[in-house]
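As structure tokens, here come the structures.
Two complexes come next, and they have one chain in common, subunit A, joined by subunit B in the first and subunit C in the second.
Take a look at the complex of A and B:
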């Protein structure tokens, strides 16, 4: 990958056994805009703040929540440009799976392959880790699922999770409100309330994005 | 036990600093400002106009060869603010990409697709150590078949947004403040108003009145979607209209 002069890994172990570049990548994620996801009994919702640098920016040109397949959506916290790269790679992987097996890719498989890409960039020569954490929401034969992927390439399945600036408050709020038998509508409501908690300024339909997937297995963005 | 900074390399190549920042990308933004030029773009109801300063440092230079405004295709224009050499490679690659797109898919490359392509390329430079980010902010303008007039801005970090109005270069923030006031109530500018807003924004921010030879103006209009650089006479007309208006 890249020029042979950089065929050595930039992410190397520190004397204490840490990979500092990954820690710094997580810091970059932590200073990104808050995003969160909640898994309900009959669906998943993901949401994010959409704070734009100026009122002159055309908010219809920005889409922070993207779909990877018709039944899998993703949101991020951290560096937007890095997110676009991962979305592109994931979409291609999903399509290659479909071409080979004539079946939509299961959520766990797509998450695993995307995480493998993120891990590659922590070990390959001449590249830095991705400065994003992803929340992948999908609905397949195993039901509704929510996964969080970190810059290191590790991923976990969550009932509810948050990332970015307001992560600790948001997670505390979610812990209090989450119930295992939550319905999708309740989950959407809770997601908006959680975003509102840490929101600077007036929350409105123009400065948040919501993505929802229900039992119909179709990921869609709520027009606000 | 934290090792602290990345062995001093975090300032030389695009790896993360302990605060999670990419210094090389931030320095690229500074290089854009250091070029000493300010550019402005405004999107109207059915047209887009971009304006930039034309500083010719030496009287012996051929003025016609000094430009920051480049046609990418017949219908797409690009205003590059920052390091001229980096701008030229970007323009060259963009022209190639737009031409291949037209050949491959049979229709003209839309503004947002080209902007995304530029932004994605810039992102690669922020992640791979072997290439530095380009010291250029690119404003892409054109008329989209479905969405109408479009103005996009792509920066060295790989961000790109559509804009109602925007600015880049040394007086970027002052210009954006000026434009925010003007565009506050979502006005639908006519072609003349669009051009005059852009030019008067530049004049106000730099606090000087221009001669027609000191600025470059590029436009696209819905009824004439070809990207056009205005001639000195046309610029003069607009400058006169602005001074009479005030």
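Take a look at the complex of A and C:
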């Protein structure tokens, strides 16, 4: 299609109206480990596979689910190092908001600002987009919320979503199982079942990570 | 020449039962000369949040414009009004930004927070907040105002009684201060309505 001639520079549109680098970033996300999130009536759960390259890796040192504030957590699919950079920036933005207003940052505001950072890297010179999609789970005055952020900087609110390798199977499974009045415990159960669907090998507490936030508005991770 | 006394001002805010009152004098002077007798020192940020600025009038105007700007952006982004406590923190941060070249103003913030609980506070010109449960004062007549409020204040006053108390305290105090006066401007705010009244005082 001639698109490949335009894939050298991020900041140049291809004739078909795409930014090819962002498409490639989404491919990087699509080949990352599966992660998913489910919004229940009284909380949100996020989960991911934690497949380590070797049994010699100390799995307690790897944390794929992180908290951005005491009441907002995040998981990713894609490139781990890019994720760490975004987590660092988001935490700083959340703290700056708190310093200014002495109020915890609303989930929508943090998502908006993080997405703005991701978008910056699609319109600046000499940089590449982030090779991650994020699932942000939070509980604030507007109740439980789940947002997905893409490398382009676009974000969507979801009732349930999945990203990474097994995304189509996982989404189909979630579509069948999701109900609007789901309780948090059911959501956690469904999340684990969904991960199990596409899991290669034996699923156990050591090769998945779960993050949960309920009405107490405190994000906690398992295993810690 | 003292910069805080260049224009002259008197501001007071008082807490009542599920309501608050915020009042100011109406005189704008330039040292010994009276320039205006209808100067507005109190502005509405939103229906449940009022800001009074005493001190140098030019700084009060600029600071007010900056704060309205910030609040409007906040309303657009967050699709809600700012809580009084949040606004007070914002004012404090903005004043401290200018720590070594400050705005010569002393703000008085009064609003109704969550569950209609009245909130008042004042701060110095570099953002040191002072929260109070009963009343806060500012301006060239502040010392008289402290005395008048301390003696006249009662807890849990209804809006009408609160209005009387604030008005008496304000008029009595500005009479003892040559730089403020020419009547008063009082807002009494309850969860359902805002009552704005002009007081007739000594015209000097």
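FYI, the second predicted complex is superposed on the first by the 212 of 224 C-alpha atoms of A that agree within 3 Å, B and C clash if a C-alpha of one lies under 4 Å from a C-alpha of the other, contacts with A are read in each partner's own complex, and residues count from 1 in each chain.
Keep this in mind: a contact is a pair of C-beta atoms (placed from the backbone, for glycine too) under 8 Å apart; a residue touches a chain by one contact, two chains touch by 3 or more.
Small disclaimer: the values here were computed from a predicted structure and weren't measured.
Participant: Could you tell me whether subunit B and subunit C fit or clash when both sit on subunit A in the superposition?
Facilitator: With subunit A as the common anchor, subunit B and subunit C both fit in the superposed model.
Participant: Have a look at where A:109 lands relative to subunit B and subunit C in the superposition and call it first, second, both or neither.
Facilitator: In the superposition, A:109 touches subunit C alone.
Participant: Taking the superposition on A as described, I'd like to know which of subunit B and subunit C A:41 touches: first, second, both or neither.
Facilitator: It touches nothing on subunit B or subunit C.
Participant: Is A:57 touching the first partner subunit B, the second partner subunit C, both, or neither of them?
Facilitator: After superposition on chain A, A:57 lies in contact with subunit B alone.
Participant: Based on the superposed arrangement, let me know which partner A:16 touches: subunit B (first), subunit C (second), both, or neither?
Facilitator: The first partner, subunit B, only.
Participant: In the superposed arrangement, which partner chain does A:87 touch: subunit B (first), subunit C (second), both, or neither?
Facilitator: Neither partner.
Participant: Which partner chains sit in contact with A:100 here, subunit B, subunit C, both or neither? Use first/second/both/neither.
Facilitator: The answer is second: A:100 touches subunit C but not subunit B.
Participant: With both complexes overlaid on chain A, what's the closest CA-to-CA approach of subunit B to subunit C, in Å?
Facilitator: Least C-alpha distance: 25 Å.
Participant: Looking at subunit A, which of its residues have contacts with both subunit B and subunit C?
Facilitator: Shared contact residues on subunit A (touching subunit B in one complex, subunit C in the other): none at all.
Participant: Using the touch definition from the top, list the residues of subunit A that touch subunit C in their complex.
Facilitator: 99-103, 106, 108-109, 112
Participant: With touch defined as at the start, can you tell me which subunit C residues reach subunit A in the complex?
Facilitator: Counting only subunit C, the residues touching subunit A are 77-78, 83, 85-86, 89-90, 93.
Participant: Could you please specify the touching residues of subunit B with respect to subunit A in the complex?
Facilitator: Its residues touching subunit A are 1-3, 6, 9, 13-22, 112, 116, 119-120, 122-124, 126-130, 152, 157-159, 161-166, 176, 179-180, 183-184.
Participant: Taking the complex as given, what residues does subunit A use to touch subunit B?
Facilitator: Contact set of subunit A toward subunit B: 1-3, 5-6, 10-11, 14-16, 18, 20-21, 23-31, 52-58, 60-62, 79-82, 84-85, 88, 121, 126-131.
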